[in-house]
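Since the structure comes first, as structure tokens, the remarks are kept for the end.
Note that the chains are named A, B and C in the order they appear, and that numbering of residues resets to 1 at the start of each chain.
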Amino acid sequence: MSAVVDSHAHDHGHHGPAKGFTRWLYTTNHKDIGSMYLWFSFIMFLVGGSMALVIRAELFEPGMQIVDPNFFNQMTTMHGLIMVFGAVMPAFVGLANWLIPIMVGAPDMALPRMNNWSFWILPFAFGLLLSTLFMEGGAPNFGWTFYAPLSTTYAPPSVTFFILAVHMMGISSIMGAINVIATILNMRAPGMTLMKMPLFVWTWLITAFLLIAVMPVLAGAVTMMLMDIHFGTAFFDAAGGGDPVLFQHIFWFFGHPEVYIMILPAFGVASQIIPTFSRKPLFGYPSMVYATASIAILSFIVWAHHMFTVGLPLAAQLFFMYATMLIAVPTGVKVFNWVATMFRGSLTFETPMLFAIAFVILFTIGGFSGLMLSIAPVDFQYHDTYFVVAHFHYVLVPGAIFSIFAAAYYWLPKWTGYMYDELLGKAHFWLSFIGLNLTFFPMHFVGLAGMPRRIPDYALQFADFNQIASMGAFLFGTTQLLFLFIVIKCIRGGKKASAQVWEGADGLEWTLPSPAPYHTFSEPPTVK
Amino acid sequence: MLSRRHLMALALPCLTAPTSVLADWEVNMTPGVTDVSQAVFDLHMIIFWICVVIGVVVFGVMFYSIFAHRKSKGAVPAQFHESTTVEVIWTIIPFAILIGMAIPATGTLIKMYDTSDADIEILITGYQWKWKYEYLNEKVSFFSNMSTTQEQIYNFDEKGEHYLLEVDEPVVIPVGKKVKFLVTAADVIHSWWVPALAVKRDAIPGTVNESWTRVNEPGIYRGQCAELCGKDHAFMPVVVKAVSENEYQEWVLAKQELARQEFELNNKEWTMEELMARGEQVYQRACVACHQANGLGLPPAFPALKDSPVALGPMEGHIDMILNGVKGTSMQAFADQLSEVDIAAVTTYERNAWGNNVGDMATPKMVAERKGQ
Amino acid sequence: MAAQQSYYVPEQSKWPIIASIGLFLTLLGLGKVLIANSAGADPSFGWWMFGIGFVIMVYMLFGWFGNVAQESMAGLYSAQMDRSFRWGMSWFIFSEIMFFAAFFGALFYARFLAVPWLAGEGDGASNVLLWPEFQSAWPLLTNPDPSLYPGPKEVISPWQIPLLNTMLLLASSVTITIAHHAIKVDNRPKVIKWLAATIALGAIFMGFQIYEYIHAYRDLDLTLASGIYGTTFFMLTGFHGAHVTLGAIILFVILMRYRRGHFSGKEHFGFEAAAWYWHFVDVVWVCLFVFVYIM
């Protein structure tokens, strides 16, 4: 431990990263940790994506061809868990790590060592989760929502490790979120008032709050499962006075805020990118902040809309229907604001902007199907069909994932110091765009026509659309290797990026040179 | 069917490899055959069109900007970035639209929840992976298993028209009568769903959910389990046969008579060959999903029966296992699922098939005795 | 924003990765033990792994917090750093509150919804068709299926040991507040005395809890497996007990550090964090006393 504080000079010495692999193991640097998060999430994205391709290959035509039904269930389960907890969440935490300190003018995250621990739990947690694939009885096969008693009494032995892996992810997420909140509340540069913060920072502040509020509830849910499995408790068994539906209430109390945890930072990313490439300030900044907060608050009182078919009393059904419909209002406000930002701007369409525009359009389509799903009597027909699968993939793939791509292209020059290859970036966008729509749009049709989700084999009338979806999935999946190539190419060199990078970019991070130095804002900047 | 054509237009870019003709493509929800299902369908379409209109307006403005306000056309950015009036307007208008949606939705939901004054009550129990139907007043009860063969599923045989959506015994209801479904489960959560009736209710072990229907047109309506329930979740279809009142009454009488005959079989003297033949049928229906046709099972969740200590051990233990199942595993208690003859037959079969060679034979009487224990 | 001093960004640290390895081994070992026990196999390998992981965790905690204490003593921490710690601790306690909320939610759901429904409230079909014998009661002594979940003979009366325990914990809240006031004016003997008293009260509380658990298991047939009453009772009080134990250990460490002169009247966030945690544990107990024992 050197006494850093005493000598500003030393601090400004811009001592670079340590040499060797211990740089990554021991690092306390938010940029290193952010990069590790992003790489980790990309690896998980490929792993979870491969599982999706196994699913789509089996569903290419009716009949069982490639895997057995039990393994198919393991694939759907692991695909969901890995994409949610391993790909989307860590990617946003990675972006938060990289960007929040340089956006608010802080020297680093508030608690840098804990930051490192938040990350380094993840490889162990996912190693444990993935190892269940090789255990006797197979990996978890009860869906990423793991409803009891399929996930308790009737689960394979590996469920115990699944539970412990979820605990580890929870610890990581909570510590990560605490760090984000402490950074935002305590580390802003002088003059950076709350209502001057970039929207990405605002959305992450609210996301972090959601994480701290609901990850412990998930921990509680899996703990109850563990007790039911190994210690004879009766949380989810009616024979002992419990109720399997209790599990769903607790799970979705976590689960619904969780889906906003995956989309609010995406809102933030879009709100950074669209103004830049419209060369016009974000329309309605305060209303964007209030809308985000409203969505977060509403997310706590809508959980049972995932459970319209479990036999809730009529009054509960109505309450959750109305509350859910209300979410459309703040979400609509956000979309209108983005459109108003573009309106009468001076638009250009670099790769980040393409992803951001596709995000707005396709996320809105997902929002529309979400509104349809909120109507309880109609949800009896939609529930647990491919319509739901289409809905949440429309909000998560072009929603969360596209915004992550947009963010990556937008800030890559700042991270690496080089411009990425614009032509390849556009190719990546269009192939992804076509692939994802081919994959997920037909799912609306088969869902409405009556195809349940999580089935390895289906009736003949669903065959054509499933074939299209499978081909789209392979197109989308292989396209992502192009992204890997683009990123590596950009790291290795290319056109030098200026500090400003984008003509219309505004914010503290663009005042730093590209690539951003290893230590930034050791001396806080002053924000006017 | 304007709506359908509209959706089709969206799907047109996807025309690459499909084999069947366009007209067969099902792209929308069924309006179904009940008043409720029609109301649900109407709601679905109303909301769909509202979304389409909003989408056209919002994306219209957006695409206008994309074409008209691009820098390459020399667009100079305006600097407006705030208007409380506008924000208030686009908060209030969606809110009003939502109220417009909520009113009919509430009405339909209240209708769906009114399970009073039913003419017929059917208790539906989900098992891994089949349905049991009990007509509470008529004292008729049976299991309904998928009748699609493993050969079709594993692509050895041509797939039939109703591949995966066909059962050995459909649930039969009369048209025009209010039928109440009491839905529960014996093991994990299932969900009983028939799209044409717009009835989907989760079957939850330990609790009973209620729903109802009144079918307007005779016909056969197919659905599936809609909640992941383990390995064969895809293979537990629901088939409802709606018939005229008279036909229904005849069916009830015939079922009751059949039950009497089944019961008589318990007193018959059975030969080894007869039991083995019947046992194989029972095995195919009740056991094959887990223990597999070759008796090797899918360990560790579903143990092998070939050379298993239970199948080669004492007869009593073997019968008890089938009667009572194993708590906390997928091995169900078959005491209430299979008749005494069937249990005797399947026990005999398991002891003498796939090279298991105990050579003894269970009788319905032995099963009845073990049941009494 | 307050005047910005340079914020202390620590150099590289080995502790996080050690913590990850320790946590991983602890949980992996625990999982192996549980699975081996369920399968009737030998759990000793799992216990070894658990033990090694646990030792690593303890080593890590000493090392990591030791670092923090050293840095703090060396005066590296600014007021801003202090605020980061405060935010961190506050939100950590909030996450703990949400963890308990899940279990309280389960209690309320079981008690006010699940049990009455099983006993025929609402449409009543579950009761008539599945559990015709079952009647709603709380404490629930007869479960829907008594052969699977034999109910307790009796439950613990709130007005004996639990009431005493309530007083003990409330008293401990007072004692730690006295210690807090003392630390602000650097009255060292007083701090040590009242901090020790707080720890003693916590220890006595735990002693009574253990006694009560033994009594419940041995005499009342009230166990984790005696249906939803036992389930919620032991899970809520059990997690609370674990937190009291942890809180007492933290206070003990703080006491040791104080004796080594680690805190001053101006800078004693370590003490305050422990005190916050202790108050949180107290408040949870009051909720338990009302909702688990009395109602």
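Assume contacts are C-beta pairs under 8 Å (C-beta built on N, C-alpha and C of every residue); 3 or more make two chains touch, one makes a residue touch a chain.
Every value quoted in this text rests on a predicted model; they were computed, and no experiment measured them.
Centroid distances from chain B, each centroid being the mean of CA atoms, peak for C. Comparing per-chain C-alpha centres with the mean over every protein C-alpha atom, the closest match is chain A. In this structure, the chain pairs B-C and A-B differ in their number of contacting C-beta pairs, and the larger number is found at A-B.
Centre to centre, using the average C-alpha position, chain A and chain B are separated by 33 Å.
If each chain is reduced to the centroid of its CA atoms, chain B and chain C end up 44 Å from each other.
Touching of two or more other chains is recorded for residues 157, 237-239, 243, 245 of chain A. Residue positions 117-118, 126, 130-131, 144, 148 of chain C each touch two or more of the other chains.
Shared interface positions of chain B, defined as residues touching 2 or more other chains, are 206-207, 209-210. Taken together, the chain A residues at the contact with chain C in this complex read 1-5, 8, 11, 18, 22-23, 25-28, 106-108, 110-114, 116-117, 120-121, 123-124, 127-128, 157, 160-161, 163-164, 167-168, 171, 174, 177-179, 181-182, 185-192, 212-217, 219-221, 223-224, 226-227, 229-235, 237-243, 245-246, 249-250, 253, 313, 519, 522-524. Across the complex, chain C meets chain B through its residues 117-118, 123, 125-126, 129-131, 144, 148. Touching chain A in their complex are the following residues of chain B: 7, 10-11, 13-14, 16-20, 24-30, 39-40, 43-44, 47-48, 51, 54-55, 58-59, 61-62, 65-66, 69-72, 75-83, 86-87, 90-91, 94-95, 98, 101-102, 105-106, 108-110, 112-113, 128, 152-155, 159, 161-165, 187-189, 191, 193, 195, 198-202, 204-207, 209-210, 223-235, 298, 300-301, 328-330.
Against chain C, the residues of chain B that register as touching in their complex are 115, 123, 182, 184, 206-210, 327.
Chain contact summary for the complex, chain A toward chain B: residues 62-65, 68-70, 73, 136-137, 141-143, 147, 149-150, 153-154, 156-157, 237-239, 243-245, 278-287, 309-311, 314, 317-318, 321-322, 325-326, 328-329, 332-333, 335-336, 339-349, 357, 360-361, 364-365, 368, 371-372, 375-378, 380-381, 383-385, 437-438, 441-442, 444-446, 448-450, 452-465, 467-468, 471.
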